[in-house]
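Two complexes, one shared chain (subunit A), two partners (subunit B, subunit C).
Entry: the complex of A and B
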């Protein structure tokens, strides 16, 4: 087999470049202004940057472009650019969103796009916040506690439909947008008394698991402050994974807490049957 | 290197970077719920024009004390005689709606601005949530549900009676009037709302981690979950229609509207 001559290669590259240029020319270009929060440690203000936007661009692309061309010191957190790592959470036009999943053509073209950091967490710099509080909360939730194995070989038998119920909660990518929008944390700063929607989903995944036998209801009521949730459903609205946080996780947990702590009839039934946690 | 970290300044009431008409849904909830409350209170105190032939307004059903065909007992005790029959029964459906998980979220926003809308600044710094009195009493919702289920049976019976008209010979004859359909739609919408209740979903099977081997519970849980997904729509549709049913019966009783017989 002979290698292609340099003339053939050059023609191929030219054809490729020409095709690329034709493709680029076919893509719509427009100028967009971004109003980006700049500052550190809670202090700062919005600064306007105008940049070239192309069809299909997302907010994260535009910010990278601004970072490359105008503001090399702009701090922002990102990783996968595919809506799966949960790193690029921010507030775009006032709504908590993933920057990598927010297309520019979804946003009004006639006004600047505002981008600011999440307000629930301590501000570090520009669009970066310190979300480490979340990682300190998680270990305080009673761990998965499986029942004794069903078979002598140490395995369990579980109905797929029972697993499906908690599978929804496992889609969480820990972007913490639900924590950001929750007014109990965002406006009332109850970080010491309330674990927030993300960890109520986590607790629901454990509490409703068909193998789990631990009872977290007292913990949810007392230490985790589930009573602070007033069911605004904002967490459900911002979840990029579409988890029905309020209806499928928080309200069922509230009902379980009501069973244990606020329902005299249930208490009577438990007393008669002598059963702690229903299967 | 660690650095001091501070949260951004807390936003004031109504302050937000949102560009959409975020105030529209809470305003809509405020207007519709206030209008319903005003009308229902007025209608409950009227103590008149709540029945028309075989039709009975849902605001007055069950009619505990009153003449046949709708009254359960002919005479009320003397101490109750002057009270509108609606006032004896309305606290139960009202309590069911007031403690409903969907309505709670809606009216906390619309009437108490807590928050006015998602990621919009609030008027107050203090917050107790549903942890302490009075809002911890919202946990009574399941008890109102038990009453709501009984009321559903009564309203279904009323709808059935709505198809039976008195004939010239003094007997009852099957027929269909517009009012029959109005009463039937009412019980269907209320059924969709009540049977999709979050508490019912919990009670029929949600409290269990394993539904395998419990086919009846599994079916009930799946059915309630299905209705629960549209709980908001059922809530508004049934609220509107229950008020309209009262208006329909009232207008017929006052002679303003004529009940058109289809069959």
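Entry: the complex of A and C
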């Protein structure tokens, strides 16, 4: 077998590629140990892998290196490696994080880095879990329903402030770390009765969408179990996009639900005028 | 061979990025049974990485814009090798496709009067990119995903296609395996739409994820379809370079659209040093004029940082080559300087470029509101792809369609930023529409069991060699090094001949790859099967590039540094020859209709 390095040296590379290749040697290296959960269908244990880490590496880089050098069948999910797709969720040193955005130099250097799968979802293999429940939940939330267009050409006029208001929720990359950490799901397994913080954020994005006219308060209360959330804010703490899930999404939704269902005047209005979202 | 479930669809869409989802939505809306196969989970495809915006001549910011200007810009950017019919349809239909997204829930940034806001981008004459901050791709894929899940589409997540299936000449479906259990699935379909994206994993410096292994290109090629323009790979000028572990991650062109400038080690704005003749009349003379352009002054012309990507990437390589690069072998991209020119500068930058701010802060300890970024070119996009009919998106194989990045034609020799998101909407819709029509008007198909058995045998062969075979990761790494070093931004005959020789030996190594472990979610196995696709697209790139003895668009030859008009009248097409080898031919570009030729002449 030809070692890749011997192939490289025989190439007449362009100046830029050469300069980039030189950086790998210039950067600092240190040996790091990773304690990675290996196994299938819930059975498994931690296994230690030691690899040579470059300064600036993230956990995902180190696991890729371990895959290439030592454990070719190490199962993990990833796509963009830039914190934009939300595929590489895992529990790193016990904390739910994206592997691609967790730098090794943020973690204690003198102890192994533990990496394990999200514990709220059924285990598949190594770091991969079955997150399909999330994809089944979403279609149960009433879809986007726009008001009639504002202009004859079928377009709408929207104020930038109304766009800005929901941007926070629309930043969600569906990494499901909030679902992972939510005790209603993680400890109490209320998957059939509670949609979890991700989908409360999704519902909030729709409810506060400047063009949407559907009313989701009844389903939030009855089918989606918004009442289960007791605002411990664990979800907000782990959100890699920094979405203030509880304060900005869940609490306002809870208020809408309360207004709609426990305010007798509003209930009467609703009865007379048919469904109409507040505000 | 083993038993396998057979799943029936009228239209099978392979790929669930923007193009695949748009195709699936269209086909489903026409009443056909649609299945989508995706290598990843839904909503994770590369479309999420698109940052800057979607190009559509709506004229909301500058009413001088029209489909005619967008058409001319696209053709100029593509150096006139584009499929002009696609460039025409794209320019005409993009506005309707963007408005449609709004109907499905997408929210774009707004103008003062509440319309969709549009921003400047390289090669676009007027502000044309509808956007939302710098996360337009996420907004688009989420909109298509959230709309699509209510349209009765069957989605097969984490499922990878091994081979396409035939009924005689016609396409009949696909053999695939599910990643989770490694079990085979057979999809029987009257029409297949390929929407698999690009080939960026053929290079070591790349903005692309593991998925971008040229699957659609290679599956189509192996199924008998033709590939076109494969020499044209886009190296995006601004990728992260430091620390090395983040090398290649995209830095949006939106940074330059908002006023960011490129500087060399000496602090000089080197982009003013060399402006191509065909853009001279559209480019600012002074730094001041360039700044005014980025701030919406309609009488100013664009700064040279917003020239086309191929040109900007080459200028960066030149600075590095001539010893004027930044400390880590790239150049500086500075947006922090605009703080002196706009009120609340730091907040303004964070608002306009939130994910760039976050990305540099988190991954490189750089605060882009205070200091310049270090950047350099990164493999980003392939203009080449499956040769399709401009109207219907059908390939040269009956029943096989292609759209989005894996199809060729719209972008010619170089793609303009923002034209990929509009591409996937316009031609995703068309591919879905015509695939549905094909499925409706053509009869049932019969699968060939032997073809299925052969495919399964091929897919399982790496397990037979087990741990004693070579590692798939090592072969992939060697392939990426070969392509990066020898068929990269700067090319020459000798290097590409060397690359073709190395690809031959890599093919042999790929045939000896072995995989330990079992079939359940085994990335070593997945990497092994991706190799065939990467090798096919790499060879297609090298062969096409070797034959193009000129420099044009994304293709730059050290030994032929100038554009040669003799190479401007045809596209390179490769297909699998009768002997199994790759055959290359020249396909003449049909003459432009008088109306379109007049537009190009008028806008020169």
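General remarks:
By our rule, the second predicted complex is superposed on the first by the 238 of 279 C-alpha atoms of A that agree within 3 Å, B and C clash if a C-alpha of one lies under 4 Å from a C-alpha of the other, contacts with A are read in each partner's own complex, and residues count from 1 in each chain.
Quick note on the criterion: a residue touches a chain if its C-beta (ideal position, glycine included) is under 8 Å from a C-beta of that chain, and two chains touch if they have at least 3 such contacts.
From a predicted model like this one, the values you see are computed outputs, not experimental measurements.
After overlaying the two complexes on the shared chain, residue contacts for A:124 are found with subunit B and with subunit C alike. When the shared chain is aligned, subunit B and subunit C each come close enough to touch A:159. In the superposition on chain A, A:29 makes contact with neither subunit B nor subunit C. By the touch criterion defined above, A:209 reaches both subunit B and subunit C. Judged by the touch definition given at the top, the superposed model places A:238 against subunit B, while subunit C stays out of reach.
In the three-chain superposition model, subunit A touches both subunit B and subunit C at residues 40, 124, 130, 158-159, 209-210, 212. On subunit A, the positions that touch subunit C within their shared complex are 1-2, 4, 7-8, 11-17, 19-20, 22-24, 27, 40, 54-58, 61, 67-68, 72-87, 101, 103, 124-126, 128, 130-132, 135, 138-139, 143-144, 146, 150, 154-160, 163, 166-167, 170-171, 173-174, 206, 209-212.
Touching subunit B in their complex are the following residues of subunit A: 40-43, 91, 93-96, 108, 111, 114, 116-117, 119-124, 130, 158-159, 161-162, 180-181, 183-184, 186-190, 207-210, 212, 225, 227-234, 237-238, 246-247, 251-252, 254-256, 258-259, 262-263, 278-279. On the subunit B side of its complex with subunit A, the touching residues are 3-11, 16-19, 101-102, 104-105, 108-109, 114-115, 118-119, 121-122, 125-127, 129-132, 135-136, 139-140, 142, 198-199, 201-202, 206-213, 218, 228-229, 231. Partner subunit A is touched in their complex by these residues of subunit C: 40-46, 48-49, 99, 102-105, 107-110, 113-117, 132-133, 135, 137-139, 142, 146-147, 149-150, 155, 157, 180, 205, 209-211, 241-247, 249-250, 316-317, 320-321, 325, 328-330, 355, 358-359, 362-364, 376-377, 470-474, 477-478, 481-482, 484-486, 488-490, 494-495, 498, 502, 509, 515-518, 520-525, 527.
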